[in-house]
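Note that the chains are named A, B and C in the order they appear, and that numbering of residues resets to 1 at the start of each chain.
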Amino acid sequence: MPRLLSTALLMRRDPRLLKLPPYLSLLCIVVGVAWLLMLPLDDYSRRTYISENALLPGQVHTYFGGSDQNVFRAYRHEVDALKDKSNTEINDELENIFRGIGLKVGRQNYTYHSAGNTYSGENVYAILQAPRGDATEAIVLVAAWKNVKDEFNRNGLALALALTRYFRRWSLWSKDIILVIPPDSRMGTQAWVDAYHDAHDASRVASLPIKSGALQGAIAVDYPQDGRFESVHVVYDGVNGQLPNLDLINSVVNIASGQMGMGSSLQQMWRHSDKYDDRLKTMLRGMLNQGLGHAAGPHSCFIPYHVDAITLQPVGQGWHDEMGLGRLVEGTFRSLNNLLEHLHQSFFFYLLMHKERFVSIGTYLPSAMLIAANFTIMAIFLWIKSGHVEINSPSKETKSKPATTETSKAVEEKRGAAAERDLLLPLSLVAGCQFLGALPLFIFNHTPSNLLAPIFAIFSLINLTLPPLFSHLLQARRAQDKPITLQHYNLSKSFSLLLLGMFLSSLATLNFSLAFLVGLLATPLSFTRPWPGNAIAQYAYIALLNLVSPTTVIAAGAAAWARYGQGEMGVVQAVTEVLEEAAFGWDVWGMYTPLVIWCVWWPAWLVGSVVVLGQPGTAIKGDTKKKVL
Amino acid sequence: MNHGKMHLQETAGLYATAAALRLALFTLFPALPDLLTGRVEISTPVTSFKRLQEGLFLYNHNVSPYDGGVYHQAPLLLPLFSLLPDPSAYPIFTYVLYIMVDLLSAHALYKIAESGEAASSRLFTSARKDRRWSGYVVAAIFLFNPFTIATCLARPTSVFTTCAILHAVAKAIYGTPFTAMLSLSFAAYLSMYPILLLPPLVLLAYDRQHASNRILSLLQFAGTNVAAASVSLGALFAVSYLLTGSWEFMSSTYGIQLTLNDLTPNVGLWWYFFIEMFDSFRSFFLGVFWLHLSSYVGGLSIRIRSQPLAVVTLLLGIFGIFKPYPSVSDASLFFAMLPLFRHVFPLMRYSFLTASVVLYSTFLGPAFYHLWIYYGSGNANFFYAITLVWSLGLSLLVSDMTFAVLRDEWEVERPEMVGKEIRQI
Amino acid sequence: MRLSSILQLPVLLASSLLAPIPHVAAEHTSNWAVLVGTSRFWFNYRHLSNVLSMYRTVKRLGIPDSQIILMLPDDMACNPRNAFPGTVYSNSDRAVDLYGDNIEVDYRGYEVTVENFIRLLTDRVGDEMPRSKRLLTDDRSNIFVYMTGHGGNEFLKFQDAEEIGAFDLADAFEQMWEKRRYHEILFMIDTCQANTMYSKIYSPNIIATGSSELDQSSYSHHADNDVGVAVIDRYTYYNLEFLESEVQDLSSKKTVGELFDSYTYEKIHSHAGVRYDLFRGGTDAARSRLLTDFFGNIQNVEVDGAKNTTMDEEMLALSKTIAQLREIAAEEEAAASNASQPAKSEPTRSQKKIQLAKPLTDENWWTKKLVGATALAGCTALWALGSYLEAPRN
């Protein structure tokens, strides 16, 4: 080992090796992206399978139907009658219905504040106690009054009521069944599930009056459309890109196709050819949703508590009726009922590309890790390089460009010793930029929603001028006796990239997609360098950096959403909504995407831009050598 | 004394800033101390503030604090904390106490740095001895080290040990061996492992005796000092016995460290190993692990006899890796001592690698712990892998520093080799 | 104590004298069945119904409950997931409730362990073990051993917690043979890679059969969609089918060979295996054994013909001596224990530390503070003293 290390030490002086890292870094990026694009191929993805023996999906006859259809219609009638009533009146009526069925009922108030808005409401929920169970476990059926798109979940509610009444007739439940009816899909379940696990802030969210056992799974029904449907859309994204256990999705898909003859789709891919391009599209949509980390449905809030949850949405025009969806839920509940323990631990990290094809973490993680590694490689490279520059500096007087490595080798062989690094300035620059990241985070999380768009515009402008300003300040402050050398820039970039690589590789284990997307957008930062003599290159590069700056990306994302998303809206409104959603996610769901953008990506971008704009002067060797720190 | 006052004026601003920063963190983020208190990286079973509160409650209600098997800390901490108002109602007093302890540690460090002992001891003077940081900088590095701050916020009792060790070293350097021994016995009483620092500390004190009352024979000097340490340790045990009314505290505090009965995860290497261990091998490997830990003391003390302070520093680093319940606070003590050796920094070869490894494990550790405990999508191996990386980083640092110190010595012996590449064969 | 161990000798002597010379008669005099399910949890319903079906079959053919050892690790009938509470069915037609009346489960729940199973076979059990949990066989007993659960190459899992290896099983059978605990054994196992489980057996007079080869899975036959789980395994199903249809009663002359010949890959979906080589007389003798020799209870009771009076008298005298010696031994032991008891009990009583619940009190609040302050002040004083004494004097 020591010999190996000392050989490595000798090797690092080799000039050929010093040329290599930028190419290596580029290679990492290319391979990382190519890797991702390979995943949809048959050789890299796998067919889904049920890992948990106990689930036994589709092995039971489901009997929901027949006279239950009349029950369903009756409930729908009652729900229709409540449509325009207030939250409390609705809950009064629902409580009556539940008590009529013979269930224990609880109600819970909550109030959230975000981006200057106040959101409040009241959840109502009922617990069906398993007749022969021991009340140590429970499964949850969620039917929000309104879905994420603010549509009235008319059929979903009626179906949930009818199902609950139907479940009550069975004696085979080993777990309690909890029916939760939040008034909306975004925060009601969050408040409920927080309070269920006693993790709520008592000043905003009331505690639950009654509880059952540990939650083992949750199914949300989102069924606003009328008439018959063709297939069922499984929404599975959780907050912060956490996913439910793949077994749950597989079970639903299995029951839907095997038992009901019902199609199922993922990530709004209504028509899926199971060919490369459709698979890629599904995967990328999944990654985008995961990367954004927002709640995709009422089920999302359950997942951080290690409760596997999905939302079922009937879509299309077909021949399946409400009873079919009911039987799907019944079959899934029977499967969950069979469970004896939590679902298997290795099935939480996956990318789905078709309802029956997935890649697991071992296969896809390298692509994000490669992207993160590219930053680390550059950081190490620059660190080593910075140990050489100062020795070169005398020769720099004769050359305008930074000394080539050949001369550095020559000089180095003469002197041999490692160069002294001036760490204070780079360290304080990088640390300063990192701490500065708290500023936009604070601003965008505390601005009232009507001011979000203007403030964002102002911030974008400031963002444009910040790098030149910093660069200028640095030059001015150090102008007299201690000019900023190339080494300073190299070290700043090294530290900044080291931090970025570190954050991204840590993040990749928690939220792969976010780490990958941010990493990809930050790749130009690997190749920043000061262009002292070449203004065109400098401005071209700074323009490129501004194209992939966090602000530009947010604006572009919002514009794309305004264009291709649902509903008509202008770009300004889209920006407002995006930022509002981010603030809402931060305040209500504990979504950390804004933190990653402002405290990981943005500081790295800032340092990168400052490096590009840098004008390294000549070091007066004696000075820097003597006074360090 | 006058000199000391000048120090104080010089550093008052620094200490005030450090105290203000800690106080601000305590008050502006009231959830932060409790969050950090629960982190296994900072609070170990033998230092945790939560467990201290449990022991304190039992003690205040006239029940043996060791009943229930939660509290594994020294009994004398209890009267100290029972003097303070209830930490949950008036946390400010606890905060102030911990801030004070941090400042006291910083002050000891300041004095150590000012003495210049690190670069020029009685038997050895480094050729690079002019390259050093002032006490001000060393104290600042300690006070603003994120690990130190996190430790202060989490309030483990290891900060008292840290403080006692630093004072022991400072006192030894300033030629007051008995106080040094007293201080070391405090440290050993609180955490047991500092007793292993006795040999290098005796050597350090021997080297730094005042000319006025010098004892020339090393054996005689060592004998009196060991006796002094034993007497004060014995006195502390006696007081503890009087306080708790039984010798139960011995097995509950030191016994638990010796036998590793509590296998709560931490950043060290022991817990996972002993979880996996078959019971029949347990006592054997406990012996091996302890022997391994203590085997460094003799070797280093003899090999680097001329620089006892370097030995103390290296040992602190080694303890931070290999002791039964290490935490971030042990690493922060090691990191605090490191800047004293600035003169050997240019000789260190893996500083960037070490820094990267330590940084990486600092961020990945909590992430993996989260995956294991909260998401349930990882398992214990994730976290253990990261603690291995953390230990690897620290051991790289320790070995690198050992190399640098030895090389520094070698270059003084053989000036013609300065700057030449050497290879270990 | 020692005396009683000496006493064992004449007993052994007597029993060996009494016992007929082994294997003179090829016929057996009793039938036993050991039926073991090794997996718990609801989705393993079929393993329990396998075992219960076998139980029903051997009972039907006359083996009494006292000679059936039934090991069931879980209670499917009372599982809350069971849509038909209190019942277990092995067929989706639900014609026969296997859990009806007269079910005697000898080992249940967590009693079903590898250790208990091996102790049962080898009869290495404590005195407290009731007769119902013991395999009281002798060298004239035919035993039918049936096992089912989840297994692999040369092992069978017990309750997800431990496993029995093929060598363990083989050694247990060998010990049985050495202890003369069986006449012939029919060993039948239904699990994945089942044939590996009997591959290590080396004791004589054992016919072994298993459901599948190495690297083959054993499959379930069908599921009951109202119960929601598979209800029986294929191998067991076809065994039962044969036994139900061909072995109607004890007069059946169907042989073991005929049963084994009925296994086909088409039916079982795996290659069932048979092992005859251990059997005395080889394949032919083994194949010609009647199924009722193992599944049914022996009807022909052996009647002792000629009485040997002298022998009887001798035995009577011997047993009287033994009884006398026993009495003496018992008296001596009682005396010894009486002598030691008072001497011993005194110190143990005093040593025994009774853990009392300590009340939480708030007394001595001031004392505590005072003691704390004193201790702290003491330490500080010590420190100050040290510092003062050693203050640099120059």
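Throughout what follows, a contact is a pair of C-beta atoms (placed from the backbone, for glycine too) under 8 Å apart; a residue touches a chain by one contact, two chains touch by 3 or more.
Worth saying up front: this structure is predicted, and the values here are computed from it rather than measured.
Chain contacts here are complete: no pair of chains fails to touch.
Note on interfaces A-C and A-B: more C-beta pairs are in contact across A-B.
Remark: subunit B and subunit C have CA centroids separated by 56 Å (rounded to whole angstrom). Subunit A and subunit C, compared by their mean Cα positions, are separated by 54 Å. Chain centres here are Cα averages; for subunit A and subunit B they lie 39 Å apart. Those residues of subunit B whose C-beta lies close enough to touch subunit C in the complex are 59-64, 67, 76, 78-80, 82-83, 174-179, 182-183, 186, 210, 212, 232, 235, 239, 243.
Residues 41-43, 78-83, 85, 223, 225-226, 228-230 of subunit C are the ones touching subunit A in the complex.
Contact residues on subunit B toward subunit A in their complex (touch as defined above): 133, 137, 346, 349-350, 352, 356, 359-360, 363-364, 367-368, 370-371, 374-379, 419-421, 423-425. Residue ranges of subunit C in contact with subunit B, taken from their complex: 358, 360-365, 368-369, 371-373, 375-376, 378-379, 382-383, 386-387, 389-394.
Subunit A makes touch with subunit C in their complex at residues 53-54, 56, 59-61, 130-134, 170-174, 334, 337-338, 340.
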